[in-house]
Structures are given as structure tokens and as C-alpha cells.
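We just call them A, B, C and D in the order they show up, numbering each chain from 1.
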Amino acid sequence: MNEEITGFRVRYPEIDRMGIAHHSHYFVWFELGRTEWMRRRGMTYRQLEEEQGVFFPLIEARARFRAPALYDEELQVITRLESISRLEVRFEYRIVRPEGGRLLAEGITGHVAADDRGRPRRLPVELYERLHGGSAPSSEESSRA
Amino acid sequence: MNEEITGFRVRYPEIDRMGIAHHSHYFVWFELGRTEWMRRRGMTYRQLEEEQGVFFPLIEARARFRAPALYDEELQVITRLESISRLEVRFEYRIVRPEGGRLLAEGITGHVAADDRGRPRRLPVELYERLHGGSAPSSEESSRA
Amino acid sequence: MNEEITGFRVRYPEIDRMGIAHHSHYFVWFELGRTEWMRRRGMTYRQLEEEQGVFFPLIEARARFRAPALYDEELQVITRLESISRLEVRFEYRIVRPEGGRLLAEGITGHVAADDRGRPRRLPVELYERLHGGSAPSSEESSRA
Amino acid sequence: MNEEITGFRVRYPEIDRMGIAHHSHYFVWFELGRTEWMRRRGMTYRQLEEEQGVFFPLIEARARFRAPALYDEELQVITRLESISRLEVRFEYRIVRPEGGRLLAEGITGHVAADDRGRPRRLPVELYERLHGGSAPSSEESSRA
């Protein structure tokens, strides 16, 4: 299964004057989901960065906001690998209120593989396979996961 | 002229372990630009919220990241009204490094007009006209600004 | 028992260029602890604010940093009510690494009771008693909890 | 003169549900002041970190909040070197509303000199002298600046 669910709670400094979460924090929640998605596949950012020298800087981020997230409520971010090649990775996210199942927001992030100076590099095959959940493609074409 | 330039400096807590600005902050910088764009047309968020009861919650946000923003550098956000109707407003942004003119990121935000409970409402005509820089359209169609 | 333990994980945008959590986030973690402390006594900020019209703006905050918090590690904030009167509340916090029990930071926050405009007010007796875990003092003197 | 004044504007995501700035951001504003204080003495954090390998992790932070900071207002942080030795540096801050001169908050931060792994080190003499604005003391005693 390609999807992971991560629970979190909306923090006080994340809400703004309207009493709802400021939109910039949704991208932080997406990141919580992405981090957890990777952890459950045996990879942590820390390991990737420190042991493998692989970083995943963003090249793109998008979100659609459908209903406001309120202070202190428990929400979930549902994270899915959308596509992967040895050069790029894309994740999809949905923020949902578990009670009632309402979709509050959805979005994507696109990443390149880079070294610690931000220069593009290829994902090591072994890492690619763990992310992808299968064997590496012979070409560099993105494979829908 | 539809475009406004706002200078800002990258703050220490905005950078991450790669030594570059975390992507969530670009949306805060976009907001700095949008705030300034409105202020220069005689509107502040505070006034809009307190005097007119008009809020602009986001329904969409997107960014493309082209080159990293570094700690302590002085950058500019260039803000443009992309489109406006009495129900929706869209802004476009570019983050540039003035020295050399490099484009670091670009993006958009889409907003609805809402009351203080987040319920959709129409922009008051007078406000619409000030934002739009012209007279209100007879229909609700978005007019490219 | 006056003390509550709340777990949390260090988020990516909370770390800075040194690879350690930026000090401003410790005050957010203290707040996570304080929120949880209150929730376990049947009070949420949201309820307090919306139903009772009671806010707790800070008048003071302090922290001592003893060892750095690292990215993605699971930490605990241990929160204790230090003192309470009908006008002021003080909490004490320790941030610890559960594995090994190392103390990373400790601090306090002092709060006044206020209405929704920030004007000082007295805590309702019933609320005071719930926070205090006993009956209200006859005088306004702070009672060490 | 030991004091520097740095202007800044309160950003939208810095305010919370009470419509006032969240207390954690005051420590970010203190840092803006400290950064500027150093820049005006010819030192930037970036230089210190990259060229000299000197970091200034915090060991202590304190603030007293006297009046709320409101959205979008222009404020100043007034920064003063309180004391310095080759092992520790302390700064004092006041956040003021220039119009009317009201003091909104005041605080201190205490720092040690460290290398890029966070290990304590002595400040290079030349750097000490630039910060101190005089010659290095023969002993390690803190000299009130």
C-alpha cells in the first residue's frame, strides 16, 4: 500500500486572526506526512542526509484549501507517492478531519534529488527501489506508483 | 501600474538544515507582497477586517522553486493582481534577488471574499473598484487586470 | 498529580543551519505542554476562549537551553503548574529526551487572566478551582500548587 | 555607541487568535536586532559561521511582555550588548512602538561561542575585540559593555 496516514493536532501559533490555520502551515503538515511516509519505509530524512548525502529540495508545491482547519483539532494528513524517477519524486497529500471524514485541503509537492550543496544527483538504485516499492526502471521515465 | 515591489530579508529561523529557506516561508513572503500591494492602494488587511468585515481566505496556493534563497540575503517579492471578480481575487508573485536579477521562485494565490466567519460574500463595489483600479463589471466574470 | 507529560517530534522547519532546533520553538513546545495540561483537567483553550471568554496572554517567558534538540527526535515536555491566583498563573516546563532522560531545556511562562480584548479580569471561581485542583483561596495571594 | 535600532513590521502569520503577536515571535525579533547589531559592526552570522566557524547557540532567553504588538504595525527592536567575555555574550532588547515610544516588551539572550558541532570554543581575539568595541581582557571575566 502506497498511502500513509499521519495524525497531528493544530497548534495555537498556527492559527491566525480568523481563528483558522494559516495556509503556510499546510505545507509543514504535508512535510509531516512525507517524513512519516518515508520513515515507515525505513528511511528518515536524517539518515538520508547524514548517511547517504541525499537531500530532496522542493521544486514545486501546490495546495487547494476547501475548508478551514481549526485550533486544537486532531487532523490527518494522508500521503501518497504520486510518481518517482531517479531524478524526481512527487507526493500527493490530503488533509482530512477524521471525525466525519471531511477533506480540508489537498496538494502536491515535487522534489529533485540533490547533494548537500543542492546540486542535482541521481538517487542511489537501492534507495530508489525502497521508495518505489519495486525495482528500478531501466529508463529514467517517471513510473506512476 | 499593477505591480508592486517589496523588499525583505531572509531571517535565521526561516532557513533549514540545507542552509536555505524552507519552502513554507515563500508563502509568507508572498503575503508580505500582497499586503504591501494593498497598502499602496490605500487598503490594509486590518482596515478591511475591522472596518469592512472583509477577509480574504485562500482557496489555492502554488509555487515553483527555481533557486534557493540564502540566509540574510535581501530579496524582493514582486506582486501583481492577476484577476479579480467580486467573488474571487488572484495574485501572482515572483521572488527575485535584486543583485543580478535572478528569479528564485514564482507562484500564485487565489482568494475568496468572506465575512469574519469565513462565509463567502461579495466584495463591496467601492472596494472592488479600488482593488481593480477601474469600475466594477456588470457581471461577476473575472476580469484580467 | 500536578505534572503532565506530552510527547512531540521535532519538525524539519524547526531546525536551523546548525541542524538543531531554533530556540523560538521551545516556547511553542512549552505551549503544547500547557495546552495538554489543561486539556487533561477538562479545559481546552478553545472552550476557555469561546465559552468562558477567558484568555491567558503571557506576561513573561524564560528558558535555559542545556543541550540541543535534533531533527526528528521524539521529545517530551513535562509541564507543572507552578503557582496560581485568580489574577495570574505560572507554569514550569522541562524538555527531556526520554531515551536516557537527558534534560534539554527548562523554562517558565507567566500569564494573566484577560478578556478577549486583553483587559485583565479575574478567573471565574469554578475555573480557578479546576486549574488549582482545590478550592479558591479567600485572598488573592498566589498559592504554590 | 553600544545600541542599535532595527525597524520591522508585524507579519500576518505572527498574530494569533487574540489578534496580537504570538509570544514566540518576540524571540525572532530579538534575533533580527542582534543580527543587525552585528552587521553594523562588520560581522554577519553568515561570515561568522562560514569564514570563522563561530556559532552563537543560546543558553538562555527571557522576555517580559508589557503591551501587545498588533498586526501590521511598524515596531523597533533596540539591541544592546549587555556583557561579553571570550566564552559568553549577552544581549538586551527592547521592543518599542516608535509612535508614542511605548515599550511593548523587553528581554535578554545569553549565548556561548561554539564550533559548528556546538562544542564550546573561545572567541578569536580579533572577533572579541570587534564585538566588544575595545581590546580583549586579560582574564575571562565578563566585562560590562
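Operating definition for what follows: contacts are C-beta pairs under 8 Å (C-beta built on N, C-alpha and C of every residue); 3 or more make two chains touch, one makes a residue touch a chain.
Please read all numbers here as calculations on a predicted model, not as lab measurements.
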Key: Winner on C-beta contact pairs when A-B is weighed against B-D   = A-B
Request  = State the chain with the largest centre-to-centre distance from chain B, centres being mean CA positions.
outcome  = C
Remark   = Rounded to the nearest Å, the gap between Cα centres of chain A and chain B is 25
Request  = Would you mind pulling out the distance in Å between where the CA atoms of chain B average out and where those of chain C do?
outcome  = 35
Between chain B and chain D, centroid-to-centroid distance (C-alpha), Å = 30
Query = Residues of chain B touching 2+ other chains?
reply = 12-13, 17, 24, 28, 31, 71
Ask   = Mind pulling up the chain D residues that touch chain B in the complex?
value = 11-13, 28, 31-32, 35, 44-46, 70-72
Remark   = chain A residues touching chain B in their complex are 17-18, 20, 23-25, 27-28, 31, 49, 55, 57-66, 68, 109, 116, 118
Message = With touch defined as at the start, can you tell me which chain B residues reach chain C in the complex?
response = 12-13, 15-17, 19, 22, 24, 71
